[in-house]
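Okay, got some structures for you below.
You will see chain A twice below: alongside chain B first, and alongside chain C after that.
For the complex of A and B:
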């Protein structure tokens, strides 16, 4: 399965991902319609993108009383069927990361569905902070990044 | 967008919603462009695109597009047949030239329609009809850096961020101004490079900086000279480069001695310790140091010399033409459409060339601030006609009231546009322009030394592309010999004639065709394209014109002669994510996210002025005043006493208060980024 990974050392909070996602949902550039959220914390200068991680053991899926939340067999995405969603907001309560929001117009829960395997937020991420990658590559990339970090640190200490 | 590209026809091309020209996929359904996505194989953007790029779909299909030629009849617009419009325009040009002389006609190139070929075609046309008066947006954007770097190194290098150990982004915010450059800068950083951002505002790119250096507007030259002093003192300079390949080091090294960290602190507001620290960081990373000077360096009274001072750092660090440094790319051997050699017209006194000879020497470009005075005063000679394509000076040139008055005073003002802009509203004729998706042009990305072709994907009946427009007009003016090619394709073939590159090769390489492998340290074999053939720490060329030999630092007026009546300093022109200068405000969804212009101010100033976000204030300079909503930003974002307004908004047009007569003496760039202003709360105004 492929994941959207979020690199906090590359995100610049330009919000291209939020607008691209919002556009995909509603045709408008409204941050609240986006399934990905990016926050900038001025006091500590931290950039934090957040979107659904499509958990192996997805609490939102388990708790949904309407069985509206299922896993897409092709992409692995945890998806909400808005036809079935009763708008009870249990999934929103269950998600510990705040990655599900409520659509006040259609009275249903909304979340990332990986855009059928080609996530828009990643295509419109101009900093490279968002990647759509599988777990093998993720493991390799993170190791490389960590190795470089250690190398640079040892250079600085010298 | 993604996942919705079923049975559509697929084309590849390049985006022109800003200057980056990212590779794009364009999808067409029933003759209509329905989707644009990033092109994976393009070396510049690697499949990524910004939301501005996707707005290309909205632009080409916009319901408010101008699709019919319009003629002003009294105070109204009347639709007119295209051929008749060409006939009438040509007749009027002939009449103007017969009455007032050939040079009474002019052209003005903007950025909304095409790219380099567009520029070259308008240069060609105006020379073909015997006038030297070519104007463009460039005489107040980018050319300042082109000249500043040109004076020192002979070329404006590009940056090899990805292989760099230290990237310095100076007065630029790539995430908004050159979006896909961001991924390259941050990839370089992730590979272990340091990122230093020098800016007045804590911009988007500054959020990831290892060092964010917040500087007072217009004082960058002092910092550059201070860094130079420190590099020399620490002996972290490249002696071989200085000795073998540079000119004037002695005088320069002597001059920078005065820029001690303490003095730099006084001039720039940057703590002395930070000056030493960043100089040491840069010095320790040499020669793999990239320094990118942005648009923030232009638009100051001492702009060119500040840029020269930054360019001189390349001579100390030896990062010039180095892998991971400031790389001077080689260009493909493209034929030049301009007629400066075939038909030189310098003797006809191009507007502004006498006052700003360096601008004309370097760019063969007339001065857009001077032309407004020329039109109104008829001095040094009458200028009566102008053909302007895809520019909006009535919103983006300084001193808007004067611009409007001048453009209205023309006997013939023809505007080629996609939309009814503030400038188009002043025209006698509006001809519908073709967007970048309706014409084919050659594009070079110097950093990768690749060339590509953008494609004509759709056409609209009355929207002639740039080439056909000039060709048709040239035929009516009796100068068709200069436009002999049948169409754009034939023209592109001719431009490529001597390059060894064919159209077929370009079509085979939508991700960019590498015309030459990159070579580094070319200066060891070939002379640099400067008068001395060397890297010029000093410029005898400038001295001959009476300008400063050294990259001299002169503090901005708001610091050297503070005016208590105008206690704030205003920076204009910071970019916002969707907007390119005056464009894209007609797309409703952009206005959902960023609905109106604002003045960004520090919380302490807000307290002093007793205003909060959403309040209305009046901002006044000696030129005029403008009412605008307040945005109180975080205290880290801007320095107290410094404010920012983004240009390009009709609602609160900042150019109502900018100067068109306080120009950099060398390149004539207007003062837009350290304007003295006062701010007053607008009484009785209801919050929006």
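For the complex of A and C:
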């Protein structure tokens, strides 16, 4: 299984990935149509690209009241079926990383689907911050990393 | 082992799925008094609005039970016989169990208003209800919605969307009284009125009359009255526990369970809207009657019934919806309580609102009204509320704090 890793120490906030994603989704270049989002936080000096982690035990998938979220057996991507999505936003509230967005035109949630196994954002990343990584034991890692994430939450911000 | 699950909604389904992950050999029977094909109550107002087609109300395919090697029986459980380890159905069938899950959900309550029954007066709770309501959802019809809980307001929005004349009557001083605080409710109420809803809070309906033309006239305590073609009653729900009365099972606001979803009777579990479960904040157990809580508690029950180890970390109430062009949400203890302090994001424009409630620096709840980005913020706060983690800095730094948390998480994946 592969997924996109984001190296915050390499990202330069060029936003190429946002435009690449938007183009892939809509054929146009609008940041708000991108499923990957990049922000620069001046106070803490962080360049932060963010896209779906395709979690093991994905909570968005489990609690979707419309059964619109499934895992693609081929790519491993957690995907939203826009035909089934009712637009209730429960998945947006469920995601601990803020990686699900709302399509204001079609009134449905949307998120990264790994571009059927060839993520466009990674192809156009100029700094190497985004990698489409082959991780045999992603699932075990994912859980451990989340545990560490939770432990880190209590450290004072610098 | 014989497993019986009463109910095939969120809790029953996730229990079955969790059970089968641990146990492929035991026989499982699911009893439902409604449709055999599981459907989602959450989607019903969306169906009335025309957003979700009828076929998409059903959230499992037709091979579902076969695939999970479970048998679905249609029937209503009328009696629980714990000493004989059996349940009795209305049609006389007796089903024995080694382990039983009660996931019977809840039913709407009708307030004691004279005249409030018969054709043209419906709840918005089951597929049967929306089938009754759908023919009324035509341009120009007049509807009165009694109550302004989540389902009611969504029903009202569906009606506005379809071009009906809509009145919403709420007994309390604000809409969504259990889900929003005053300010968020005021923002939503403003949008509702702007959409043409005749919204009346602090209003008590005392009597409903049916005219010879088949119209309804609602009489209010303040002397006012209102004429309508049909009425939607959404004034709260109560757990479906009648069949368990007199068995000695502990019932408070719902069937009381421990962290394994075990009731006070051996071999009997409860989950979902019917269960009174531990809260994430400790203290008294709660009946949240929410879809996410039903999914979580059902899954814990299923795992424990299959002798697996699982322990509930407590229900954290969370609500979200988009209607009347605004998104509203709340989570945890979003009302100010003794010893809490709240922070309101002053940087937001007038028509947006975000409030975080903290106790000794630990976020315990939040509420918002505005756009989807605010919902993402609530989502990112959820692990902190659940894990009782102090906000690592002043709330003014919220965005930076959350960004740092996520960056920390992402670093973990990079070699």
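As a convention for this text, the second predicted complex is superposed on the first by the 133 of 158 C-alpha atoms of A that agree within 3 Å, B and C clash if a C-alpha of one lies under 4 Å from a C-alpha of the other, contacts with A are read in each partner's own complex, and residues count from 1 in each chain.
By definition in this document, a residue touches a chain if its C-beta (ideal position, glycine included) is under 8 Å from a C-beta of that chain, and two chains touch if they have at least 3 such contacts.
The shown structure was predicted, so the numbers you read here are calculated from the model rather than taken from an experiment.
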Partner chain in contact with A:20 - chain B first, chain C second, else both or neither: first
Winner by number of chain A residues touched, once chain B and chain C are compared: C
Touched partner set for A:115, first chain B, second chain C, both or neither: first
Touched partner set for A:152, first chain B, second chain C, both or neither: both
A:48 touches, of chain B and chain C: first, second, both or neither? second
A:28 touches, of chain B and chain C: first, second, both or neither? first
First (chain B), second (chain C), both or neither touched by A:107: second
Touched partner set for A:125, first chain B, second chain C, both or neither: first
On chain A, positions contacted by chain B and by chain C: 7, 9, 43, 145, 148, 152
Sites on chain A touched by chain B in the complex: 7, 9-16, 19-20, 23-24, 27-31, 40, 42-43, 45, 47, 115-120, 123-129, 145, 148, 151-152
Touch list for chain B against partner chain A, complex: 1-3, 37-38, 47-51, 54, 175-176, 179-180, 182-183, 186-187, 189-192, 204-205, 207-208, 577-578, 588-590, 592-593, 634, 636-637
Partner chain C, residues of chain A touching it in the complex: 5-9, 39, 41, 43-44, 46, 48, 50, 53, 62-63, 65-67, 83-84, 86-90, 92-98, 100-102, 107, 131, 133, 141, 145-146, 148-150, 152-157
Residues of chain C touching chain A in the complex: 10, 14, 40-43, 46, 51-52, 56, 59-60, 291-292, 295, 299, 318, 320-322, 327, 329, 331, 371-372, 375-380, 382-384, 387, 389-390, 392-393, 397, 399-414
